[in-house]
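Shared chain: chain A. Partners: chain B in the first complex, chain C in the second.
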Partner chain A sequence: MSERVQARQVAAGWAPRFWKRLDNTPWLFILPVTLYLLALSIYPLISSFVISLHEYHIDSRTFAWVGWGNYAAIFHDREFYTALRNTVIFSIATVTLELGLGMALALFATRRLPGRSLLRTALIIPMMTTPMVVGLMWRFLFNTDFGIVDYLLRSLFGLPPINWLGSAPYSLISLIIVDIWQWTPFAFLILYAGLQTIPDDLLEAARVDGARGAQVLRHVIVPLLQPVFTVVILFRGMDSFRAFDTVYTLTFGGPGRESATLSFIAYLEGFAYSHLGLASAMSYIMVALIFAGVTAYRLTVMRWAEK
Partner chain B sequence: MGGEVRLSRLADRAVTWTVLAVILIAVATPFAFMVITSLKTNLDTLEVPPNLRIFTWETIRHNYTEVLRARSFLTYTKNSIVIVFGSTLIAMLLGTPAAYGFSRFSFRGRHDLAFWILSNRFMPVIAIVIPISRIVAALGALDTYQGLMIPYVALEIPLVVWVMRAFFDDISPEIDEAAMADGCGRWAALWRVILPLAGPGLATTAIFSAIFTWNEFLMGLFIVTTAASQTVPVGAAGLLTMERSIEWNVTATVGVVTIVPVLAFSLLIQRHIVRGLTAGAVK
Partner chain C sequence: MERKPIAKSYSRRKLLKTGAGMIAGAAVGTSLWRDMAAAAGGVKKFEGVTVNSVFVSGEHDDTLLRDRIADVKEKLGINLTVTDLGAGAMHDKIAEGLRSGHSPYDVSTIVGFWLAEMVGPGSFEPLEKYLHDPSLTPADFDFGDFVPKHLDYISYWNLAEHRNGRPGQLFLLPGPHSDAHMVVYRKDLFDKYGVSAPPKTWDQYVQVARKLHHPADGVYGTAFVGKLDPSISLSEWGNRLVSVGGRMFTGSLKEKTVTPHLDSPESVAALENMVELLAYSPPGVSGYALTEVADAMSAGRIGMTLMWVTVAGRAWAPNLSKVAGTVGAAVPPGNGVTIRGGWGMGIPKDVKNKEAAWAVIRYYSTKEADKARVLNYGTAAVRTSTFRDPDVVKAYPYYPVFGTLLENATPYPSLPFPESWEMVMEPSKFWNLAVVKQLRPKEACQKAQDAVQQILKKGGWNKSA
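Presenting the complex of A and B:
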């Protein structure tokens, strides 16, 4: 090595060390996504809150401070309570039924099955299908005049015709059925993966100790799957709570607002009636509720899982 | 005695097959109806029970050219492909190093920062869409490809970070250390040694977030203002206008066109789908 190169390296001694240290810090790896999310998730969230305190119309270019006025209006609005009720019923019904059906399917799949991989492939498909198209498909099936669902109910069970999408409470029930069709596979796949982590000797030991099928389920399997249940509840609960796409294409919130969810009425206020302040206030109430849910999850499960 | 055992095994097998059949029928029926409806004339779709009259090539061609050309779904598909490809590429470029950082470094606040990133996955789109459309408008990007790519990258980042992190966690850190002992820096170790090993993970993650973005509807509904820049789901929603009654054959054809790419790609990554759906939540 020539003397000049050596001299330059000594003079610049701090620089390689600086680069080396920079190369080996986590921050350079993580900074870009953090900045991106601050700009396009946190900033919009704050901005949304500011908008929610204003009367804001795009068409008339109004932007006037109203304080908590929008929130007060919402809490006096019957449609809001209908949507809140629908969202809560929808979330609880879908999560419970998907968890139950998913668990039953997962236990079923632990038998020696002939077409297990076929079952997995079949169950992946609904989850990945564009949700708004799922709504369209079922809108055709649920049609009272030419839909296959009502046709089968009438001809097989002699039931009177039901206006599935155009009458309460059937429109909300239709939404729940469609969500179960699309997302039970999610519960199934995760619970099934969870079941496979339970060592066989443990189940064997329980049986040797005299536990029967239901007892093994209750005292061994369910406690061990607790974290997996929580994952299903969290992911499905959050998605159900903000349900929009299938509501839009299946019932459009109808009849009236009988099957509208919170996301859907916020969309209507903001998009169809261009009351952007009111829409922001509504969505902010959703954010507050979701934040409460995520925090509860964070405080209980995540902490426990990190140990 | 022996007969009883054989009988109960037979009953067992009958139950298994029945359950399997019910599941397959329940999954397949809606798709079957959609495909069949897309092959009919509008008048024929209104018959119940559905007739299985032989489909004419004429009708099929009519429906699909109607959708792809007259209803501009070829344009929407092109828009969707460009937007999905662009936003997935950017989200992968930003998210993969972050996933690596969370997987390999231990630092204060790591869990909180990672969880904050994940929690963006639970953000109701409706709560951020109004300010985002203002940001997009301020950037002069309304009705451009970038206009949708900017918010879609933000929606994809949590997915990419968490799924890739799970894949990185599967690769032993000793491999990085060996590379670094050989004189590689961190970034070089990631680029030259770890990424090639994480190939299947990268593909799975990219396909996952691409499907997610292809399916996205609400953000597109707000941000797109002209017909020419609509994505596939936004264009499909246009069929539900209140003035006209729905033409079911056209609607079904649109449905088929929309979901064919999604299903093709899902089948490619089916082995990794559980991992992708739950990454970060199940270890």
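Presenting the complex of A and C:
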């Protein structure tokens, strides 16, 4: 750009007008959150992707370029598929049961029963407990030799001792039970809040038209709660897919890798074995799987619900 | 005598200069005086400095220091924090800190099979300069009193030759405990069921466990680490292997010709022995880690077990054990060689307050601290004087046996490799699968062999693989 053109633009007041226009826009308001996202989300995302294309050398503390090698190694590893299977089973089982139980509890809590506010408070306690404490507590409860779970099963039903945390498939079942215990209250709270938003007129109109309890539930309550179901399914689904802490404290993925989840395997590779590239690649695969799952849900279930 | 006239007035600049000089002088003087005073008493103080320390949980390494936080503050001026973590979590946290250059703990405790990974790359502060500085280490510290074999095992690392031991640099002070393995047994049950002597072979070990096994009376023959846990490799499989002369590796690291032998007959026999013991163990033994085994012994629920000395010691401690008066110790079956263990305390290079961290390490490494740890919690001593102490031998009669075991113990074979932790953990999952009977011992050994082969190949330790 020649000096003459620049001088003409300045003379015409182009530059000040640009800044003036910028001042009037919300850019400045967006700036902090943009910087926050860049620093804490975008940069780590890009950085971890770059790491996923490298191999870390533990002895020299250096990185070497391996391209897609880490991704190829993961897809050739049998343990990855075991962990993927466990993660999918865990996610589907926990989300389905938490949704069902949460709905039942929410419907129960809407009835005018004595002590329902106490019930509501008691129900959210598991959700507020730290995962490590949950893990340690359930380790005692599931203990084969002196745990209450096995004791009750033995004394009430005469069942033989079950090695809950140390044998397959019980180790994965134990993890599912603990997750349901801890997170059903989340589903309950959201669904209970959703139930409060349904106008009484609609329910009464349905009853006047002759609908019974189950019919009101199926044809009025469930359709009206669709957006709430979506929130519970998406939040709990993504959370379950990343399950780590209870696996770490309760079974350590054992026996063998029979109860390992993808997050647990990624943790082991990254933090215990210093295979940082491999762990990053595994995390990216998890992101892709979650993205695919959410998209599939939106395209199928939500579209069906809209119809 | 002619008197010099006193200046009647100061200029502002002169006043400021004089004031600043006086303040600086006072500061330097105070610091010098404090250092000199400290040197005279052998202790330099670090008023208000915070030192974070970490120890493995479940082994009473942290307990005494935690009890003495106020004493540390009084004697050293340091605000001390003491954290205890499970071995796995502790490894991961320290390793992550060293990789990122932001170590969370000024005093980091390291076990032998982490040396190559953590100390090997030169991430820890050499300690000689602190040890030989009289303002930081009093003359009566007596470095020569540390058990020489434990010093070679944990404290010295040769950066050039990638190995532990002397000649090498001092990176860690021994402690809070050394370790080896011994058999702990109930003398009263031996008498009751006619067992005349502790087992000398692993077959005899099974036979003795069978004799002691009386679940109806609430006593199982034995217990062992059956859980997916590092100790299933270190304590169970590892001891059974080395005690019959089995080897995990042959070849040379230097020439990169290392070959694993996890599928050897000795390895398979070691695992078979563990599986055989399931019949005489509590039903939930495949979920037992070290703590559960030690608790079962102290609670009087098992007749005999093989255990790290530092964990076993609590069976003799009257405040921690129901069977304190009836337990005995013996050399494990085989040739008397067991897996060596124990920890060392060091200072990551990236932490700020290195001198203060040293002060804490030195404080916790004195003869008095070592003896107090052993007497109160039955841990494994790191100082020769503790082994000879009459109070210790009286309270823990196994100490002479332990002394012999410590002399003959051998490090876990993966120690020289930076991938050592992975070499401990990966086979563990196959030993665990054998214990829960999802794999036969031979299959488990073959899979463990393949896994370690893969690790060696990836690390470049076997050029021909």
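Keep this in mind: the second predicted complex is superposed on the first by the 258 of 307 C-alpha atoms of A that agree within 3 Å, B and C clash if a C-alpha of one lies under 4 Å from a C-alpha of the other, contacts with A are read in each partner's own complex, and residues count from 1 in each chain.
Definition applied: contacts are C-beta pairs under 8 Å (C-beta built on N, C-alpha and C of every residue); 3 or more make two chains touch, one makes a residue touch a chain.
Note that the structure is a prediction, hence the values are computed from the model and not measured.
Taking chain A as the common reference, can chain B and chain C both be placed on it without clashing, or not? Answer clash or fit.
After superposition on chain A, chain B vs chain C: clash.
Does chain B (first) or chain C (second) touch A:59, or do both, or does neither?
The second partner, chain C, only.
Is A:167 contacted by the first partner chain B, the second partner chain C, both or neither?
second
For A:292, select first, second, both or neither according to whether it touches chain B, chain C, the two together, or no partner.
neither
Going by the contact rule set out at the top, does A:222 touch chain B (first), chain C (second), both, or neither?
neither
Is A:254 in contact with chain B, with chain C, with both, or with neither (first, second, both, neither)?
Second partner only.
Determine, under the contact definition given at the top, whether A:144 touches first (chain B), second (chain C), both, or neither.
second
Any idea whether chain B or chain C touches more of chain A?
Counting residues of chain A touched by each partner, the higher count goes to B.
Under the stated touch criterion, which partner chain does A:38 make contact with: chain B (first), chain C (second), both, or neither?
After superposition on chain A, A:38 lies in contact with neither partner.
I'd like to know which partner A:111 touches here: chain B for first, chain C for second, both or neither.
Touch status of A:111: first partner only.
Just to be sure I read the superposition right, which of the two partners does A:159 touch: chain B = first, chain C = second, or both, or neither?
neither
When the complexes are fitted on the C-alpha atoms of A, one of 207-215, 225-233 or 261-269 in chain B overlaps chain C. Which is it?
In the superposed model, chain B runs into chain C at 225-233.
Share the list of chain A residues that count as touching for chain B in one structure and for chain C in the other.
In the superposed arrangement, which is not itself an observed complex, chain A uses residues 145, 252, 271, 276 for both chain B and chain C.
Report the residues of chain A in contact with chain B in the complex, numbered from low to high.
Residues of chain A touching chain B: 20, 23-30, 32-34, 36-37, 40-41, 43-45, 47-48, 51, 105, 108, 111, 113-115, 118-134, 136-141, 145-148, 151, 181, 186, 189-190, 193-194, 227-228, 231, 234-235, 238, 241-242, 244-245, 248-249, 252, 263, 266-267, 270-271, 276, 279-280, 283-284, 286-287, 290, 294, 298, 302, 305-306.
Spell out the part of chain C that touches chain A in their complex, as residue ranges.
Those residues of chain C that touch chain A are 88, 91-92, 95-96, 99, 116-117, 120-121, 162, 226-229, 282-284, 286-287, 301, 418-419, 421-422, 425, 429-430, 432-433, 435-436, 438-439, 459.
Using the touch rule from the top, collect the residues of chain A that touch chain C in their complex.
58-61, 143-145, 161, 163-168, 251-258, 268, 271-274, 276
Which of the residues in chain B come into contact with chain A in the complex?
16-17, 19-20, 23-24, 26-31, 33-34, 37, 45-50, 94-95, 97-98, 100-102, 104-105, 107, 110-111, 113, 115, 117, 119-132, 134-135, 150-151, 153-154, 157-158, 161, 185-187, 211, 214-215, 217-218, 221-222, 232-233, 236-237, 240, 246, 248, 251-252, 254-255, 258-259, 262-263, 266-267, 270, 273-274, 277-278, 281-283
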